[in-house]
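What follows is chain A paired twice: with chain B in the first complex and chain C in the second.
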Partner chain A sequence: MYDSGKIIPGLIIFVLFITFPVWYNHGAARAVPQPELPKTLKECVLPAADMRSEHMQLLNQWRDKVLRTGDRSFDVKIGDKEYQKSLMNTCMQCHTSKKKFCDTCHTYASVTPYCWDCHIAPVE
Partner chain B sequence: MKYTFPLAAVVALVLIAWIGSSIPGMQYIFGIAVPYLAMALFLGGFCYRVIGWAKSPVPFKIPTTCGQGYSLSWIKQDKLEAPLTTSQVIARMFLEIVFFRSLWRNTKATAYDGPKLTYESSKWLWLFAILFHYSFLVIVLRHMRIFLDPVPGVVSMLEFMDGILQIGAPTMYMTDATLLLGLLLLFGRRLFNRQVRYISLANDYFPLFLIFAIAVTGILMRFFLRTDIDIIAIKRLAIGLVTLHPAIISDIGSIFYIHIFLVCVLLAYFPYSKLMHMGGVFLSPTRNMTNDNRMRRHINPWNDPNIKPHSYAGYEDEFRKDMVEQGIPVEKPLPAEADD
Partner chain C sequence: MDKKRRDFLKVAGATTLAGLGGPAIVERLVSGSSPVQAKAAHGERLAGHGADTHAGAAGHGEETVKSGNRFGMIVDLRKFKQYPELIEKVVHACHAEHNVPHFPTRKDEIKWIWPTEYEKAFTEHSQYYKDKPTISNEVLVLCNHCDEPPCVKACPTRATFKNKDGIVAMDYHRCIGCRFCMAACPYGARSFNWLDPRVGLDMNHINRYFPTRMRGVVEKCNFCAERIGLGKKPKCVEVCGETRAMIFGNLNDPNSEIRKALKENYTIQRKPSAGTHPSVFYIV
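Right after this comes the complex of A and B.
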């Protein structure tokens, strides 16, 4: 083998770089975050699985509609009860804590939604 | 054939992952076994290829010089194009690897009636390549948010900058668009540039289609086919893979398995294909050698040590008699013979 003094260290650096996640996580997978669920209501505006995967799109649609038409009208339902299209007056009424609900998963997945650029986060 | 076969192969891979991952229990194959296998093939194959190159002797010193080499003191040396010292070589390599400098020299040949042949500078290849490679790099680094816990600030920062347009939710990433654009342009170049089209093979199109499919499935997963796309379950699986404690904690949509399977195919295919230019660029003898042929003798490593140097004087000593007999001029005459 020629130039092993340069090529072997280069390869080692490459392998360490590629396997960075392995030693960064110290070989242990932390338990997945468990957001705190509201105690009063068991149902959300969509089934839990849909909320989990699509809540950001729903909120985005609400925001666009409300900002463009000012219409917060009641097509949001839980059972028979109608709710407004509103982050603060609908979502945050049950999920009162941003830290214990929103942030648990968002921090874990490194998601930084810009809701709180305009809305004022609850004081906790 | 050159396009249809790779295209069919990519479609087949998508179908394999799609159908395969919807069979109960097969999620563990596509989500855990295949990624481990692909990573082993990638790392093993990469090292194998690089060591294979390292074992190949370079018989001649062959830097491509594209400028004035080191000469007399009043002749200006082109330090990047004909590097003499290691630091000049490092500078040349750095510009090559980071800025794809040699693509800047790409030319376009056109034949006119006459016949007349013209060459003109064509920087498009460089532009498309930069667009594609840097988008891909940012995308790979951005994906580290799924593999690292806690997520390092650098990754969050990169992700924030990439999504700074704040279009939609989840936010659109600029690199998603530029990667697709770069791929389309590189593919278009292969289709519409006659010379490039002529030399393009199935193994040139396959990675383009494969990476295109990876990007498209990723975009679909993030923005459109969000059913059962739970980032927490995905991150748990990814972290599990890298910590050797893999677990699939809930059903994840098929599009995720298609995406990850295509990535695995890319990883497994990588070391055995032209994509190895990632490692090869560091080992190109025409770029990483100093242009000092006339100062230092380059010994061909495969020279047989038993073959000793044979000087002309020695040669003449050996064959002088025959040479004189054949009338070949010699530097040293035959010694006068004793009798006559």
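Right after this comes the complex of A and C.
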């Protein structure tokens, strides 16, 4: 091989460079986020595991039902109580802090949903 | 391979015939009926469809069977003449209810409901020698929630659409800000958010039960779809209250308040020749 003296160190430097995030952050994983849960209610509209994995789909379904189908009925149930399908008027009435609830996981997972460009977060 | 001219012409002729006649035969087989029956069925389908979209021919002199809702409004300009402070009250109430920002420059302005001059509101009506009260009084204008909304046809993402209540609604999640709808609307009822609307709002005094919009979307009056869905009247109508300066109701229901008022009064509409069939009527 010609110029192996340059190529091999070059390759090593390249591999080190592109794996930088892996070895630099190794063992430094941040603590799993602990979103603050509401004190008023113990249950949500779905079991916690489903909410964790599917709240975004649920919000989209609610949006389509309310906005496009025009179904504004109060058909979301927690126990016997009925709620309307609304982020601002249902979810955030219990989860009163966007910073302590939404943002904890979203920041951790590095996702930036655009909900709050239009929807109004609770006053904190 | 030896191809004779005679054979080639035979095959070519048969292919042409099959190409011309084939689709017609296949269509006949698929529909399983004679052309006359197929036509009748098609007509029926059209009629059924018509009941849906053309249901609200109210105000256009047709008395067809109507199904579903088509919400409409009457703006009684006589009452607004009688209560001159009402216009501002209505505009303010609507804009406060829906977090409509206030920007002083005309280009950036966002309007859901606003007063304008008679000659600008009713451009198709003769302006010659109009009586002074008509000319000098302002007309409250808003989205007409047309039965044939040109904005809906123009929207490439279906962000604006006609909902089950006949309201021309906006889904701001889908709006890409192309402004085709603004070009299509003959009434100038749509505003574009050139600036972040939250800059033009006092964020400490907003309606926390209704969202704002974001920069880069088009917005307009939603006929208070969020209130109608909960069985309330639109905010502007509620503010007018006992003055009955604005009447709201279902145009497809012959016994509704609005239909009674339409029967009793001579009403006009904005730009009827545009063929949009507005749902907002004016008593001048």
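The rule we apply is simple: the second predicted complex is superposed on the first by the 113 of 124 C-alpha atoms of A that agree within 3 Å, B and C clash if a C-alpha of one lies under 4 Å from a C-alpha of the other, contacts with A are read in each partner's own complex, and residues count from 1 in each chain.
Note that a contact is a pair of C-beta atoms (placed from the backbone, for glycine too) under 8 Å apart; a residue touches a chain by one contact, two chains touch by 3 or more.
A quick note: this is a predicted structure, and the numbers were derived from the prediction, not measured.
After superposition onto chain A, the partners chain B and chain C occupy separate space and fit alongside each other. Legend: residue contacts after superposition of the two complexes on their common chain; A:39 is shown touching neither chain B nor chain C.
The superposition of the two structures on chain A yields an angle of 100 degrees at the Cα centre of chain A, opening toward chain B and chain C, reported in steps of 10.
Using the contact criterion defined above for the overlaid structures, shared-chain residue A:69 touches chain C, although it does not reach chain B.
Between chain B and chain C, B contacts the larger number of chain A residues. Residue contacts after overlaying the shared chain place A:1 against chain B, while chain C stays out of touching range. Chain B and chain C never share a C-alpha pair closer than 8 Å once the two structures are laid over each other. Where the contact sets of chain A with chain B and with chain C meet, they give residues 114.
Residues 99, 161, 163-165, 169, 171-173, 206, 208-214, 225-226, 229-230 of chain C are the ones that touch chain A when the two sit in their complex. On the side of chain B, the complex with chain A involves touching residues 42-43, 46-47, 50-51, 54-58, 144-151, 155-156, 159-160, 166, 168-170, 226-233, 235-236, 239-240, 242-245, 247, 249, 279, 282-283, 301. Against chain B, the residues of chain A that register as touching in their complex are 1-4, 7, 10-11, 14-15, 18-22, 24-30, 32-33, 49-50, 52-54, 56-57, 59-60, 105, 107-114. Chain A contributes residues 63, 66-70, 72, 88-89, 114, 117-120, 122-123 to its touches with chain C in the complex.
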